[in-house]
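Pasting the structures here.
Presented sequentially are two complexes of chain A, the first with chain B as partner and the second with chain C.
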Partner chain A sequence: MASLSIQNVKKSYGAIEVLKGIDLDLEDGEFLVLLGPSGCGKSTLLNMIAGLDTITDGEILIDQNVVNDVHPKDRDIAMVFQSYALYPNMSVARNIGFGLEMRKVTKEDREKRVDEAARMLQIDHLSDRKPAQLSGGQRQRVAMGRALVRDPEIFLFDEPLSNLDAKLRVEMRTEIKKLHQRLGTTMVYVTHDQIEAMTLASRIAILREGEVQQFASPQEVYEKPANMYVAGFVGSPPMNFVPAAVVSEGGKLGVSIERTANGNRSSVFLALPNDRQDIGDWVGRNVILGIRPETLTHRSDAEISLNKGLQAFDCQVEVLEPTGADTLTYIELGGREVIARVNPYNTTEPGETMAFMVDMGKASLFDPKTELRI
Partner chain B sequence: MMSLMTQKTIPAKQPLSDWFRRNVAKLVVAPTFGLIIFFVYGFIAWTGYVSFTKSKMLPTYSFEGFYQYIRLWKMTPWNVAMENLLVFGSLFILIAIVLGCLLAIALDQKVRAEGVLRTVYLYPMAISFIITGTAWKWILNPGLGIQSLMQSWGWESFAFDWLINSEMAVYTLVIAAVWQSSGFVMALFLAALRGVDSEIIKAAYLDGASLSRIYLVIILPTLRPVFLSCFFILTHMAVKSFDLVVALTGGGPGYSTIMPANFMYEMTFRRNQIGLGAASAMMMLATVMAIVIPYLYSELREKKNG
Partner chain C sequence: MADLSALPGGKSPWQSAARFGLYTLLLIFAAYYILPLIVVLSTSLKDLDEIRNGTLLSLPSEINFDAWGYAWNEACIGVSCTGLKPYFWNSVAMTIPAVLISTLLGALTGYSLTKFKFKGANLIFAMILFGCFIPFQVVLLPMAQSLGYLRIANTVPGLVLVHIVYGLPFTVLFFRNYYVNIPDDLIKAATIDGAGFFMIFWRIMLPLSPPIIVVTIIWQFTQIWNDFLFGASFTTGGGQPVTVALNNLVNTTTGVKRYNVDMAAALITAAPTLVVYVLAGRYFVRGLTAGSVKG
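Right after this comes the complex of A and B.
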């Protein structure tokens, strides 16, 4: 187990800057997920931690030791690759044990450890097979076994689940989570799947074009996204963005939003909770209001009386998309399409006006120019 | 029952065009198939038959058993030719594969001028063996080539006279043939190396394997099919090598560098010994068969299992 520190790390290929100064600090036993779209530099960063790619500038420290010039095999890390990267001519057992073989571990010790790892991943019955004779999920387990058996300081995962089908992906995701809970080893995991990031991470680093957008716990990333990019990337369906004006009405600060109700176009005032008085100097200016679909739902007076943050308004329904548990209800607010999660039994026909409520306590406000959180 | 039902549903109209549509693939293949049956297998059978006769200038068809084969194996030139084939064949195949494989690995290390180098190595393949033989005859000629060049540079005692040495001349064939074919072997290996997942190499690095270890233990074993392809392509080139000998050594000095194909040509077309020539041709076929049949057998069996 080890801590990992990435200090102002840069990477460029010729004139193209792929990573523009990354700073991440990871404590012993943490599970870091590098999340971002393809081409954001997340795999490059992982390769640099592994030592498979050179560092243009900055330092990477494992357990307070700078490892910039340490050979990959001496960094005491193990990596699981997207394509599994199993050695095709070797049996499962030899694949798992190859790292130990190269490290001159005795045959007895090696067999014991390979056996242990194989049993932990429930692939002990496949020991003699070749990778070509395995299914995708089994190959994935072998690849994990290969990393596991070395008992490294840090585990690296490079989109390990993206070649699996949906059902298996969920299974293996849980498997990795269990593995982390059992071993408590520091792990770094690269993915473009925000659900994997949310479920696995102790902290998420969201990358975009070689820059860290936010480095925080999954809950914080979800509830308090640092900017509109993060807000839009995390969550499914994504956060709704509504152009709004900050106004002060009856001594309360709030936002004013245009919408259509009962055939009339008019503005509605949604008060912000008292702890948002910090935005006083924004009065009269435009902001972007960010609302998660699950905080926008059908009006319930009982709940409103309990939660001061809930604000009610009417709006015309455009489209309904039933998903079973909830019905995604499309409405229009401030000229933008907005999704609300509504209980299937409280929906109205499209074209009719419905009563909604929104939890302003959980809403985010963004500066329309810088797109940063206010 | 099923076939009866389906036959009923096909309308009886235009039977000819229906027949044509069903058999179009067979019709397209038929001419080549017929030609191959006649010209390849037909002539093999004919040669086989003639080898059991006492044919001289013209073929005769009275069966004489193994007369020609017994005669053949008593002839010194034929035994020299078979020995040469063994020496030349094994050295040529071994060196061409090793060299081609090493060249491919070297070029796979992200060499800057790879495109140019690849073409340079591959070009000899575009030249016919006659040209290769002639060029190397000049290069290896003690009075014209390397020996005279080194001596003119002042290394008076330098000697490289394999071409006129009846003990060593067969190795000049190996040099020329390797020069011509190793680029082709390289191209085959390079294509296969490009197909190896780069993540496997990364994984092996992290596992602590050195580069030579990665190639020896992980990558080369996966290239087994390429080794086999190279082996069979080079084997048949070795067995049927004829023009290289004609151009480079002319079979000499004496008959020290003749190959079975040269022997066959000499007997059949120059010395009016068609029966003997046919027998030597059948021995060459048997040599190829001895190598190819086990290969085909193992390949087909593997497919059945896989």
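Right after this comes the complex of A and C.
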């Protein structure tokens, strides 16, 4: 187990700057997920932690030791690849034991540890097979076994689940989570799948074009996204963005939004809770209101009386998309399409007007110019 | 693979006629191509009387290996009447090390050009590739000079060196194109596991290479064994490879022309490449198409 510190790390290929100064600090035993779309530099960063790519500028420290010039084999890390990267010519047991063999571990000791790792991953019955004779899930387990058997300071995962089918992916995700809970080893995991990031991480770093957008716990990333990019990337369906004007009405600050109800186009005032009264400077200016679909639902007076953040309004329904548990209800607010999660038994026909409520206590406000959270 | 001829609706009289015509044509061409081999083989098994009195196409009345023995042990090549034997062993001593060394160097070079990419690797590969297109005649004089400086002119090791140098562009091309399809992740994984350059080569790359090794060996063996130009240019007398000796054997006329001996000598000279191809031919086709279809 080890702490990991990435300090102002940069990477350039010629004139192209792939990573523009990354700062991340990881405690011992944490599970860091690097989340971002393809080409954001997350795999490059992982390769640099592994030592498979050189660092243009900045420092990477494992357990307070700068490892910039340390060879990958001496960093005490293990890596699981997206393609599994199993040696096709070796049996499962030899694949798992190769790292130990290279480190001149004695045969008996090696066999014992390979056996242990194989049993832990439930692949002990496959030890004589070649990788070509295994299914995708089994190959994934062997790749994990190869990392596990070395008992490294840090595990690195490079999109390990993206070659698996949907069902297996969920299973293996849980498996990795269990593994982390059991071993307590520091892990760094690269993915473009926000659900994997949310479920696995103790902290998420969201990358975009070589820059960290936000580095926080999954819950904070979800509830308090640092900017509109993060807000749009995390969550499914994504956060709704509504253009709104900040106004003061009856001594309360709130936002004014255009919408259609009962055939009339008019503005509705949604008051912000008292702890958001810090945005006095913004009165009279436009902002972007960010609303998660699950905080926007059908009106319930009982709940409104309990939660002061809930604000009610009417709006015309455009489209309904039943998912079973909830019905995704499409409405139009401020000229933008907005999704609300509504109980299937409280929906209205498309074209009719329905009563909604929105939890303004969980709403986010963004500056339309900088796209940063206010 | 689906059998296209077994698809339904393909049995009309016209199609049968077309099929008949197709096979007739194929048989004619097959006969055309096999005929020279049959003539050479049957002539080598006749005695001189039968050759003189019979026709070219008639089969030998009795199988007679005298001409083969004569070609191997007694035939005169120039002034020395030793048969092909010493020259055949010259060729073996030249071909085997040249094939093995050029294959191994090709594998190592292909490996470093793809998996340990350095600045300018592609340029170097392009320059090596350029070697495939240099006609051998162009390099005869500079090579002769180099062999002279190295004091290995007119020796088998000299020929080995020449063939290694001019075989490398092809072996590098084969291995480089094969290795470029092996995922880089394998090398990364092995690096993290603690294996170095040569360890990865021996333990991971070479075990994955049999198809391309076979292709390279067949290619190099055929090229080097069949070479005449370098052999004729850089050796004289006892150091000659069998191809040059065969030429001299056929051109040496003392008394009567022994066609059966000429034919037997030609077959002896051609035999090793045929044997290599028959033994490893199926890997050859497999290796050349490897990677073209995912599987």
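In this section, the second predicted complex is superposed on the first by the 374 of 374 C-alpha atoms of A that agree within 3 Å, B and C clash if a C-alpha of one lies under 4 Å from a C-alpha of the other, contacts with A are read in each partner's own complex, and residues count from 1 in each chain.
One rule holds in what follows: a residue touches a chain if its C-beta (ideal position, glycine included) is under 8 Å from a C-beta of that chain, and two chains touch if they have at least 3 such contacts.
In this text the structure is predicted, and so the values were computed from the model without any measurement.
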item: Fit or clash - chain C, chain B, common chain A; value: clash
item: Which of chain B and chain C A:52 touches, first, second, both or neither; value: both
item: Partner chain in contact with A:189 - chain B first, chain C second, else both or neither; value: neither
item: First, second, both or neither for A:77, with chain B first and chain C second; value: both
item: First (chain B), second (chain C), both or neither touched by A:99; value: both
item: Which superposed partner A:87 touches (first chain B, second chain C, both, neither); value: both
item: Common interface residues of chain A - those touching chain B in one complex and chain C in the other; value: 47, 50, 52, 72-73, 77-79, 81-85, 87-89, 98-99, 102-103, 146, 150
item: Interfacial residue positions of chain C with respect to chain A in the complex; value: 183, 185-186, 188-195, 199, 203-204, 207-208
item: Residues of chain B touching chain A in the complex; value: 197, 199-200, 202-209, 213, 217-218, 221-222
item: Residues of chain A touching chain B in the complex; value: 47, 50, 52, 72-73, 77-79, 81-90, 98-99, 102-103, 146, 150
item: Chain C-touching residues of chain A, taken from the complex the two chains share; value: 47, 50-52, 72-73, 77-79, 81-85, 87-89, 98-99, 102-103, 146, 150
